[in-house]
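Common to both upcoming complexes is chain A, partnered first by chain B, then by chain C.
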Partner chain A sequence: MKFTIEVGRYNPEGTYADNAVQGEPYPAPWSSSPPRRYQTYEVDLPEHAVVLDALIAIREYQDESVAVRCACRSAICGSCAMWVNGHANLACKSKLQEFTKDGKTRVESPPSMPVIRDLVWDMKPFWDNHRRVTPWLENKPLPPPMQEYVVSNESMEELIQEVTCISCGCCLMDCESFAVNPDFMGPHALAKAYRYAADPRDAETHERLGEYSQHGGIWDCTHCFECVQQCPKGVEPLEQILKLRRMAVDAGYTRNAGTRHADAFANSVKHSGRLNELTLLPKSVGFFNILGQLQTLPSAFNMIRAGKLPPIIHKTIPGVKRIKAIFDRVGGRFK
Partner chain B sequence: MKVAFHPGCVSKGACPELYISATKIAGTLGLELQELTEAPCTGAGVLSEQNPELGDSLNALTLAMAESMGGTLMTICSTCQGVLSSVNHTFEKKPERLEKANQTIQDQGYTYKGGTTVKHLLWLLFEDIGVEKLKSVIKRPLTGLKIAPFYGCYILRPSDSLGLKERPERKTYLEQLIELLGAERVDYTGSGKCCGFPMLTFNRDKSLAMGGNHILEAKEKGADAMVTPCPLCHLNLDGQQPDAALAISRPLETPIFHLPQLLGLAFGFSPEELRLDHHVVSTKKALEKVELKV
Partner chain C sequence: MITDHDIVVLGAGLAGMRAALEAARSGASVAVVTKVHPLRSHSNAAQGGINAAIGETDTWESHAFDTIKGSDYLADQDAVEIMCREAPADVMEFEHMGVIFYRNAEGKLGTRAFGGASQARTYFVGDITGQALLVTLYDQILKAGVKVYEEWFATSLYMEDGRCRGVVALEMITGELHLVRAKAVINGAGGVGRVYEPSTNALICTGDGYGLAYHAGAPLMDMEMVQYHPTTLAGSGFLMTEAARGEGAYLLNSLGERFMMTYAPKMKELASRDVVSRSEATEIAAGRGIDGNVLLDLRHLGPAIVLKKLPQVHEMALDYLGLDMLKDPIPVRPGMHYQMGGVKTDSDGQTPVPGLYAAGEVACVSVHGGNRLGANSLLDTIVFGRRSGKHAAAYVKTVPDSNGGEKLLRSEQNRIADLLARPYTGETHARLRLELAVMMDKYVGVYRDEAGLEEALKQQQDIKKRYAAVAVGDKGRVYNQALTFALELGYMIDIAETIIRSAILRKESRGAQSRTDYPTRNDAEWLKHILVHYRGDKPPEISYLPVTITKWKPEARTY
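== the complex of A and B ==
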């Protein structure tokens, strides 16, 4: 079966084949990533072939200058993560037929990461952030026990989802928070953080949760589900971040906008069945955060001028008693 | 076609133009809206993330109410759609969660049997109302208007719970619709990305930059306006646009239409009827392209 592959080329020495077509600049926030030159190759492969099969066929039989990183070819090592048609994917797991769009498949290194050459990108931002979450178990300050720690199956079941992470970087390269906020630890690191914080053998869970609640941590995730969508191993990093948020709040780390936001949200729904937008923003920002309150004033003024002010008198939905009863029964700390 | 209708908090709060335009165009499309006036807020993912059982119970109540009214629930908000789809998906995969939620809502006189289909107006247009019906009610094709689609995360991801694996065409409905209404669609990379709204209170500058970048890209690709099926995206892209322009130091001035407003224009409603004169970013220049004044 014939497939057409467009390879995004980047050569730090700046030399390209004549038929490599200059691509458009990447939009913000990736405008500083060099535009790729797209070179088109035709390959003849079985219909079940994957993108990596095509890239290897190109490198072996057509153009040995194409740089591609790969090892296991079985979605285990994570080294062939790249953009396939503009989204993070493992080349070895992406079926060509499925990824053929308008008669072709476009591959390139992600503009969200530093490019080294062609499809090979620098994983430094990935590992730098990974190290920030103390990715190992901290022992209790006691001599090692005479026998191994016994850990229940149930407690490990909670961690299995994250343990399947292969550190390929798919989640980080498409993370929308990381794209605008390089201080954000990233979905890969925070999923790993959950793996250690929730491990019953770890002795510093409380301290970890404090660190993860700081700037750049769990509350800087924008909840866009890109990491859940792009993870090739089903780790669902966002779900692990949400578990960390719950753990952090339960551990008492509540002096942050995220917790204030959730509390104000719950309070409004409990008492009226609906969200009170008029009070949500100031409550989330914090009444004593004068600078934060001032920052929101211009947009509040614009909204008022456009006639988009939420009703001053917040209406309660009929049958709100039901909602209150549900909160009383299962509301936990929102009771 | 009768549908239970969950308008969502924002359409009754800071985006009244969405509720007004949606109820106006429903009649034209032959939709009989039975509003769930007693249904609670979905929690927008915020309540579920802090307390999954609470999220399950509140949304099971809404789904049960819709079930008793025929079983098709229409949303006009990507976020409401995402949360209700996700809860429905969880109940299907983990019946024990449904059972637990039912134990809570049974005291309130409701039981959810798992039979409600939740559909955003955008999906109903293509899957139930149909393209032919839609074409037949277009009175004013939006010829000459260049529109960039903006979906909102929760109507695209995660694809499992939204049924996008079975119906991948759901990822293209906005583009198709723009063309069906006679407008020109603007392709750009930001259409499926995050507007930044969920981060607005936690990290304001980054949230504004996120939304601002997408508007800038759409504008640079020639868009006269953008259209979104999500009022939360609208709050960030329209409501915060002047601040977003400051955050990325670039002029933006790109009006953002709610999905029902774009439909309404093509159906012949006046801009005032659709409250297009109640936006933070003026819709004037875009409307002039289709010879309308506001």
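== the complex of A and C ==
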């Protein structure tokens, strides 16, 4: 079966084939990414072939200069993460038929990351963030020699979702928080953070939760679900982040904008049945944090200009008692 | 650039990183040179588990006997004894590092059954055991602060006064050559699956560590012993873990019969890999296959076992064949999987070349002999990785500093410049590699005979000549993969020669070497290792070593 592949070429040494077409600049926030040229290749492959099969066929039999990282070909090693038709994917897991749009498949390095050459991009932001979460076990006192820590299988199975992570970078390259907030640790690192914080053999869970609650940590995720959608291994980083938030609040790390935001959100819904957007922001930033509130003014003006001003008078919905009953039934922090 | 360390480790899979960690703990300054990021290493792909005799009813002797019987008595029994005695402590250490091993009802480590083992002694994390070990070890390397030169491709070992003193490596991102000078080199550069097509191995398993050591004068031992895994996915050749059969899966022929009942009445599907692969090949040859495959049937296991304990293979069958293992049996065939042979070492990882150590798949201690048991490879990497790191850290204290090596760096620069300048005449690394690898699968696979092997040698010699004309289709400096592929192919062609020549010499059937013209094992003549020594342009030289037998006298091997 014939497939057409458009490969985003980038060569710092500046040499391109004649038929490589200059691409459009990327939109914000990636507009500073170097522009790529797109070179088109035709490949003849079995109908169930994946994007990586096409790239290998191109590299081996048409153009040896196409650079692409790959090793296992079966979604185990995490090498071949890239943009396929504008979204993060593993090339080895993307079936060509599914990804053929308007007769072709476009692959390129993610514009959210520094590019080295062609489809080979620099994972430095990924590994730097990995290191930020203290990614190793800080052992509780070791068991006697030749014995294991006695823990339940359920407590180990709880961690397997993260251990399935192959560090491919799909989550980070499409993370919307990371795109605008370079301090954000990112979905992969925070999933790893959960894996160690929730390990019953770890002695520093409490300290970890404190670290992860700081700027750039668990509260900087905006729940866009890109990481859940793009993860090729079902790690669901957002779910791990949400679990970390619950652990952090339970451990008493509540003096931060994230917890205040969650509290304000829940209290508003509990008492009125709907979100009071006018008080949400000051409550999240902190009522007495005047400087912080002033910093949000530009966003407020932008909202007014875009016609997104929330209603000045906050109304309570009918039947709010029943909502309170739900909070009581759930119990915990908001009872 | 020239940098100095006490020890340079080649490769960042389980063996390499375990060696690096141990050497760093012993106080040595350690650097790891690896052509891919450590987490891309092929140790990732080990699915089923790791063996250790930990259980109360289990003994290291039982583990050792199973290993030796599995090896068809070619393993060195002193080395097997060390591995099996030290296995429990090494597995426990990984538990303490944080590996999330499966637990039994008491919260202690639980096991699954595996091929060729008389007891269930395989410890595991779902069907991603290798990955679970690798990420944990990588995190430990970060904690220990070991220097890693990532995406540095080794082109040569640096020898000085007969000692191995470092590695010349190409930094992929800049195209620059560097000398990483050291007092010892630990070679943990992994396997050589790309010499065969198809193979379960990753595209990076090109035997660089075999080639580098071989060219530096270290002999390769037991190279004829190439393992075919019984269950590789039809078409792509991806690995379908032995754990599937460990959990109770059946192998069926086209008549729906569990044919292993005939070949191995006692162990059935869980006989040694060489036995199961041969049985499958026999069934297929007798016309009881399905398009060159047999069927792996998990349907009776039910979703609880399949989805909890074998999720990755379930997903792979779905992704690459569109088959749901809960509802359909899947077509599998024997496929090249592992090289039992390798750089000859002692039980501390020392090769005959002073200062050069080897551990993991690239090494041959030998603990696997003619056939490796499933879940013994992970064990091999961490036991002998640790031992190499420890021994090397002590050895380097006796070695003086060096300030040489610039000459080698320059000659390597010239060699690469010449390769890049070579004009295109029609030979490419990809076509030549495919030709070599398909030929190896055809003639040096599950069954072998004199005529086929001689034909293989003829074709390999021809490919070797044509290799001199391979041109590099990319002239750039930055991330020039065409260049590294061409260099890898050079190693692969030489390694293929050692495999073929050893297979021709061994005139018997033992383990993975099944000669249809010599169908039985011949202990009187062949209870010995074949070693191949590189001799430049001349044919390699052969020597022999007796197998070390301690407690277990060779006997007939039935399952």
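Here are some notes:
In this text, the second predicted complex is superposed on the first by the 310 of 335 C-alpha atoms of A that agree within 3 Å, B and C clash if a C-alpha of one lies under 4 Å from a C-alpha of the other, contacts with A are read in each partner's own complex, and residues count from 1 in each chain.
Please note the rule applied: a contact is a pair of C-beta atoms (placed from the backbone, for glycine too) under 8 Å apart; a residue touches a chain by one contact, two chains touch by 3 or more.
The structure displayed is predicted, hence computed values, not measured ones.
When the shared chain is aligned, chain C comes close enough to touch A:Ser65, but chain B does not. By the touch criterion defined above, A:Thr15 lies against chain C but remains apart from chain B after alignment on the C-alpha atoms of chain A.
Applying the stated contact rule after C-alpha superposition, one finds that A:Asn153 touches chain C and leaves chain B untouched. Once the two complexes are laid over each other on the shared chain, residue contacts for A:Leu291 go to neither chain B nor chain C.
In the superposed model, A:Ile313 lies in contact with neither chain B nor chain C. The interface of chain A with chain B does not overlap its interface with chain C at any residue. Residue ranges of chain A in contact with chain C, taken from their complex: 11-13, 15, 48, 56, 59-61, 63-65, 67-79, 93, 116-118, 120, 123, 131, 135-137, 139, 142-143, 145-153, 156, 159-160, 163-167, 196, 199, 201. Residues 9-10, 12-17, 37-41, 43-47, 49-51, 53-54, 57-58, 61, 104-105, 107-108, 153-154, 157-159, 188-190, 193-194, 196, 198-204, 206-207, 209-210, 213, 216-217, 220, 239-240, 242-243, 248, 278-280 of chain B are the ones that touch chain A when the two sit in their complex.
Only residues 27-29, 86, 176-177, 179-181, 219-226, 228-229, 242, 245-246, 249, 256-258, 260-262, 265-266, 268-269, 273-278, 281, 284-285, 292, 295-296, 298-299, 302-303, 305-311, 315, 317-319, 322-323, 325-327, 329-334 of chain A touch chain B when the two sit together in their complex.
On chain C, the positions that touch chain A within their shared complex are 36-37, 39-42, 44-45, 88-89, 92, 95-98, 100-110, 125-126, 128, 131-132, 135, 139-140, 142-143, 173, 202-204, 236, 238, 312, 315-316, 319-320, 322, 428, 430-431, 472-474, 476-482.
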